[in-house]
Amino acid sequence: MAFYSLAIWGQESAGIVTSNGSTPPTYTTLKGMGLVSTAFKPEDLLKLKYGNLGIGHTRYSTTGISELQNCQPFVVDTLHGKIAVAHNGELVNAAALRKKVMRHGVGLSTSSDSELITQLLALTPPMEEVDTPDWVARIKNLMTETPTSYSLLVMHKDVIYAVRDPYGNRPLSIGRLVPISKLHSGTGEGDTEGWVVSSESCSFQSIGARYHREVQPGEIVQISKHGIKSLSVVPRPEGDPPAFCIFEYVYFARPDSIFEGQMVYTVRQRCGRQLAIEAPTDADVVSTVPESATPAALGYAQESGLPYVEVLCKNRYVGRTFIQPNTRLRQLGVAKKFGALTDNFAGKRVVLIDDSIVRGNTISPIIKLLKEAGATEVHIRVASPPIRFPCYMGINIPTKEELIANKPEFEDIAGYIGATSVRYLSVEGLVAAVQGGIESCGEKEQISSRTKMSKRIGHCTACLTGKYPVELEW
Amino acid sequence: MAFYSLAIWGQESAGIVTSNGSTPPTYTTLKGMGLVSTAFKPEDLLKLKYGNLGIGHTRYSTTGISELQNCQPFVVDTLHGKIAVAHNGELVNAAALRKKVMRHGVGLSTSSDSELITQLLALTPPMEEVDTPDWVARIKNLMTETPTSYSLLVMHKDVIYAVRDPYGNRPLSIGRLVPISKLHSGTGEGDTEGWVVSSESCSFQSIGARYHREVQPGEIVQISKHGIKSLSVVPRPEGDPPAFCIFEYVYFARPDSIFEGQMVYTVRQRCGRQLAIEAPTDADVVSTVPESATPAALGYAQESGLPYVEVLCKNRYVGRTFIQPNTRLRQLGVAKKFGALTDNFAGKRVVLIDDSIVRGNTISPIIKLLKEAGATEVHIRVASPPIRFPCYMGINIPTKEELIANKPEFEDIAGYIGATSVRYLSVEGLVAAVQGGIESCGEKEQISSRTKMSKRIGHCTACLTGKYPVELEW
Amino acid sequence: MAFYSLAIWGQESAGIVTSNGSTPPTYTTLKGMGLVSTAFKPEDLLKLKYGNLGIGHTRYSTTGISELQNCQPFVVDTLHGKIAVAHNGELVNAAALRKKVMRHGVGLSTSSDSELITQLLALTPPMEEVDTPDWVARIKNLMTETPTSYSLLVMHKDVIYAVRDPYGNRPLSIGRLVPISKLHSGTGEGDTEGWVVSSESCSFQSIGARYHREVQPGEIVQISKHGIKSLSVVPRPEGDPPAFCIFEYVYFARPDSIFEGQMVYTVRQRCGRQLAIEAPTDADVVSTVPESATPAALGYAQESGLPYVEVLCKNRYVGRTFIQPNTRLRQLGVAKKFGALTDNFAGKRVVLIDDSIVRGNTISPIIKLLKEAGATEVHIRVASPPIRFPCYMGINIPTKEELIANKPEFEDIAGYIGATSVRYLSVEGLVAAVQGGIESCGEKEQISSRTKMSKRIGHCTACLTGKYPVELEW
Amino acid sequence: MAFYSLAIWGQESAGIVTSNGSTPPTYTTLKGMGLVSTAFKPEDLLKLKYGNLGIGHTRYSTTGISELQNCQPFVVDTLHGKIAVAHNGELVNAAALRKKVMRHGVGLSTSSDSELITQLLALTPPMEEVDTPDWVARIKNLMTETPTSYSLLVMHKDVIYAVRDPYGNRPLSIGRLVPISKLHSGTGEGDTEGWVVSSESCSFQSIGARYHREVQPGEIVQISKHGIKSLSVVPRPEGDPPAFCIFEYVYFARPDSIFEGQMVYTVRQRCGRQLAIEAPTDADVVSTVPESATPAALGYAQESGLPYVEVLCKNRYVGRTFIQPNTRLRQLGVAKKFGALTDNFAGKRVVLIDDSIVRGNTISPIIKLLKEAGATEVHIRVASPPIRFPCYMGINIPTKEELIANKPEFEDIAGYIGATSVRYLSVEGLVAAVQGGIESCGEKEQISSRTKMSKRIGHCTACLTGKYPVELEW
């Protein structure tokens, strides 16, 4: 049996650490820059074949520093052997914790929270002169020192601990590796059973695993050759609701991921319906900025009764790395990225759904492109509220000053971006669209009329409202 | 003023040749393997900046041999200076022409038609001892020696000739570079006017050019600093209709390209409508294999009245280069490429539209994926007829034996691929959907009832019917 | 003024850390695999331009593990800012020190001594809650905890400490950057003054610096914008002589390096003379295995009166990376690396001088090559004693079992390698050749007759005699 | 049995073409930029394993244009199958021949002589409609059209023709592959017999072959599975002596190569002796600019009686690709490349032997380096005459204006480069040193007194004297 914990949440660097689980264990580490497909060479991956447990990490930098030495998982040797740690999130009290660790006489070789967490695990309480240290007690101790935000994988020898912070700010799901012989397409060769953990449940299907459940806020789950076992749930302070990041629904997660029992695609479609109720439009067709806004656009079309059409097609060969040899091409901007499907909207009034507007510099040229190609009106409907505040919990959002929602031009946002009109989904509408599905309310009923939210349901809306789930230390 | 001819039709290699147009001209050549974005380094492109005319080529190998030396444009030095040739297509009588050239005592250093064309242009009629050779006469002479298939760009000194074979088998469009100051997003810096030629009109928008017209079958168009000028139209044999490749509409072209006055997206949507008429289904939802079949799926939904939903989302990070470290992952196959949007189809009967089925090995696992995720029925509707014959005119289609349409399992194709039912668009339906738009017939009228085809409209359907536009030499 | 400390002692990885010296300082770090020329890209080096002090390190792995994360200098953040450490050598009590550090609760992220040293500096004595920590006291404390072997560069903010262990086992020299306007070839542009530190004084000339002096065993030298200053000399235990690695003279150092006031080339020439006295040969010509044995060969020729000729020329294009496509070429071995200068030795008796014989597998095919090309006798004379014991102080010597001197075939080494005769320099002869020059004895006088060595002169001969300068812990 | 023809004469690009010799033959081609070791990947070389004859080429550009498409061997398909051609040299009448070929209607895709030769072989006399064309007649015909300079390898199907031009300007040697079981180090696995051809005989030893003989001027040698066979010797015009490039002896060839029956090293040593006779010096020591001038320096030392010492050691890690991050390092120049072995020359008068002085910009900083390190006098003695004229026969010599020998500063060359004195070997002295060995004159006898040169001995001294072996066409 093999069991893996995969943490797939980024594209700037990738790392894998496997253990063969023996005494003493042999660890194998691979790290590289870029997407997994470029970070690792096939011959490197062969080195991993003898491990039967492991943790991986792909990084989407939250600080802008993209260096191999910040690449996770972080592995350190302790008195009781090596531990490897992968971390998703950002510790709100990292600065204070760094001071504490350094005051103890520890030098920190990176600026990453992962190293900080690893040294905190090694440091407190003092390392015992015993054969088997109590890692669970150490993890619990860590959780009392920092409230959020972290989803962690901690590997030691033959065990992996999957940990989610008490507020459940970052996601973490458990999947079960299905024997290939039971899968649709397999012959059974190279068959494997086991457990996997990931921040996005959609990754399970890619490796032939099935979604099992989420790690609960504050929960420590042990994964070993004996299977999975819930060891403990560290509580939040009395009265605090959970604070799962609402932007995972809006923007980050793949549409086929499942959080809190609901598919992200369906939530986005519900946001589109809610948007149609909050911001109806007198227009001829509804369309999408492909591909992320498509579920919301279809939802808007269903609720409004307007026909759904495609107005843009992606130019697949213009990627981020495309060469821009001269001023002319640089100025063409978005016209290089999208082709206009003129027949579908020339002479028509278009409602264009976008998922979010962060800086405002991509939607503006799209509007000009559509108008130039014959759209008579372009109404922008955004399936999320304006982002007004920075995130200190792991999401790389521009500074307060850079956010278009905080700029003077926001007062006349339609004029600024050249749209006929612009409307956003309300915060209440978003929360309702998200939380409505958790209790499976009928999709058509007016979501915002729901009255009492149980304490057990709660989301972090800090970037929209400025209300952070815990008080921030500076 | 700058004028460029860009031939963007492939991704295995890329080449650019520019001329500064002076006497004698200085040519600059760049060639590399892979997509344009990887084939050329930015510092290489800087070398091109002093050219004000040029031709480029990107190659999608039709023979499977992918080598730098076959990379176009092909440049040779002749008695009257260098000529550069870019070629899209495949000469049906290449073997006989190679023999002819070699019998004259010329060694051929590649297996490419481009070199063959270049040497034929240099060879016949005998190179004059004059200062300005008559390249147009040479091009016409070439066109009498080979009927199809070729779209050519021939550059000499300060002129580019854009040539399309008499049957018009491969596309070729002319666009006009718009001064950036007249464009939506430009400030006027680095401004340029001029003419561009491309096999796909959709590429014009990417560089700030506007579609002007197609090069007509048999036409030679001269492009120079004096603008564009139609020099000649070489006729087809009496009675032969034109033979533009119908598969450009079905599969190859980007949806925002324009051929024969109609947008490819709209033709595909019409194919979907026609398919709904020919092959109606008793089902709950219509969906697409993203992204190429989406216009046909939306057309099918409109015509049939069934709701359109998305059932699959693409896993963007699983490209062709993904590493497949073990048998398990190899067997997962398509499950790695698509995520199932379960909520949209679980418990429902799905009509899944595909654009074409060549080998049958991608649709089969998708069907299994949908069924496993809860679809009660999966009806495959293919928006084109089965491919049964090889193409000898530039398209890389599997051999007759490899084509699923020619295999015994095709007799029970639904059983073979695991579908509830399978239906194809008829050849007549496809031709009608394509040609109907040319005369702007109303979309809803039953297209197959149209009676007389004018001689001026005609398409190559050889891969579907085995009827080649000219007799093949062997 | 700029001052740099460069530690150039390897070729498996390279690292540079610079500081701009301000408060707080900005550090810039570059690391890469391979020689400096491949490890760093020019654009990377530009990032360093604002530093005016820095330390560098190039690594020749002593443990065989060649990974970027082991690449020095090691930089850690402490309560009082970042320190960067570069280390040449190997701590004899590393295992015990690692335990100590880990018992304090520190996790170690690499297996390198550099990290261990860095954490020891951060750890003990407990980090003060003051603004300026006493780094010198910490370095002295470190030196009491580990006797050898280390040459260190420790950078903090605007100061570099150059440290050599009390036994002086690894070299460390100070050079002075000469203003370019005073140099032979400079125009004065980009002029710089300052101090540099290196393990090999020969590197000074390459950067326009002049040899100043060695850091003494046990000495801590401070380098700052105020110049260099000797802060302290930590003594050895009573009665212990210094123990500079004698193999630096024999093998490692470049011939133009200076140690203990003498040029390495001259020491090697003296070894050749001593060898001629200890092991005279009845032969026709003396030659060298190019290029390292040439000074000894010229010394042997001078002392013996035999003519010096070249018998081998190097095939420059056969490097370590040469491709060996088949068994045949692999078997040719050394014949690929050297050409035989037949005219110089055909029909003659050759004395061939080598600098050392470690595994015996390079000299053997050379002998066969010479004999085949016409040498009548090939007498091997080795300008150093046999290596019989492993080094635990930083030099990567094969295990005891692998060393040819410990193998049964050594009993008849001449027969084993195919030589007419084989003689080695004696340990006493080597020590005399090395130490004789320190007091400038006349070169021709019989060196071994010298009687009393002052305690102040002493060398580590552990790999030859098994007598290690300190007791080894395990 | 396998037979190969290897042409190893450059480092800018490399190509190999093999044939399996069957009917029709399968050719495999590899080409790449850079040294062989970087141009080919091991997996590429595996593709060659089924060939049993082949030709290769490594290029040292004579025109400065370094592009993959100019990379040899050049392979073209003719009416009678593919031929592959590798060429060393430069056709003196290339321009006229290019015109001739192009007038016939052939376009030339490169600027290389190799393609020109290939097309000439294909073109004249007109390609027969027979099964086996008479390649030998075609080669002879080619040799009547161009007198020099070329050494050629022409491969067709199962035969290789090795051809040297009538003047023998470029070298070409035949070697015999020795069965590995008869070699010093082989076990017999992967054993091979056969024939090899190379421009430098020293390459034979590297692959386990033994020097057999030179291809004679004007000779066509056939190599096939039946062994080697001399087919023809095309004569020079009556009265013309042969014209083997004298600079191969002076500069280009590796010292262990054999030309005209003599080892290059020995010729260079003789040049040093002759130089000592022509330009004696009152000095203390003789030394060399390593490594190419060492044989001449040893010859000078022997003839003059002055002691030979080393004054410079190479800094192996400063290659061509070394990074020069700032003005300071650029100005240091040669000081980065060589270390001064001060003890050997401080306070002494040095005679420094160089092999040739082309631009004068490397010797100058060496002289300054030696003087700065304590040499009291530095006398430059150059073991070849000044180069005053360009080469049109394949050697990349600077233009007439760039050559230091043609510059005003040459009048006071010693002052210009900072030497105490400068003397060159005379042209007569060089010719005598080269030709004296051919008839094995005693080395010490005054070579320049020899009187009559047989017509059968002759060398091209054009770059020294301006007397070209044939009249040049322009």
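Note that the chains are named A, B, C and D in the order they appear, and that numbering of residues resets to 1 at the start of each chain.
Quick note on the criterion: contacts are C-beta pairs under 8 Å (C-beta built on N, C-alpha and C of every residue); 3 or more make two chains touch, one makes a residue touch a chain.
The shown structure was predicted, so the numbers you read here are calculated from the model rather than taken from an experiment.
*Asks:* If you take the mean of the Cα atoms for each chain, which one ends up farthest from chain D?
*Replies:* Comparing chain centres, A lies farthest from chain D.
*Asks:* Once you find the CA centre of chain A and the CA centre of chain D, what distance in Å lies between them?
*Replies:* 63
*Asks:* Calculate how many whole Å lie between the centre of chain A and the centre of chain B, each centre taken as the average of the chain's C-alpha atoms.
*Replies:* Distance between chain centres, rounded to whole Å: 38 Å.
*Asks:* Any chance you could list the residues of chain C touching two or more other chains?
*Replies:* Nothing qualifies.
*Asks:* What are the touching chain pairs in this one?
*Replies:* Once each pair is checked, the touching ones are A-B, A-C, B-D, C-D.
*Asks:* Please name which positions on chain A make contact with chain B in the complex.
*Replies:* It is residues 11, 35-38, 40, 42, 45-46, 48-49, 180, 183-187, 189-192, 202, 205-208, 254-256, 263, 265-266, 291, 294-295, 298, 308-310, 313-315, 317-319, 321-323, 325-329, 331-336, 339-344, 365, 368-369, 371-372 of chain A that touch chain B.
*Asks:* In the complex, go through chain D and note every residue touching chain B.
*Replies:* Its residues touching chain B are 68-69, 74-79, 83, 98-99, 102-109, 111, 115, 118-119, 121-124, 126-127, 129.
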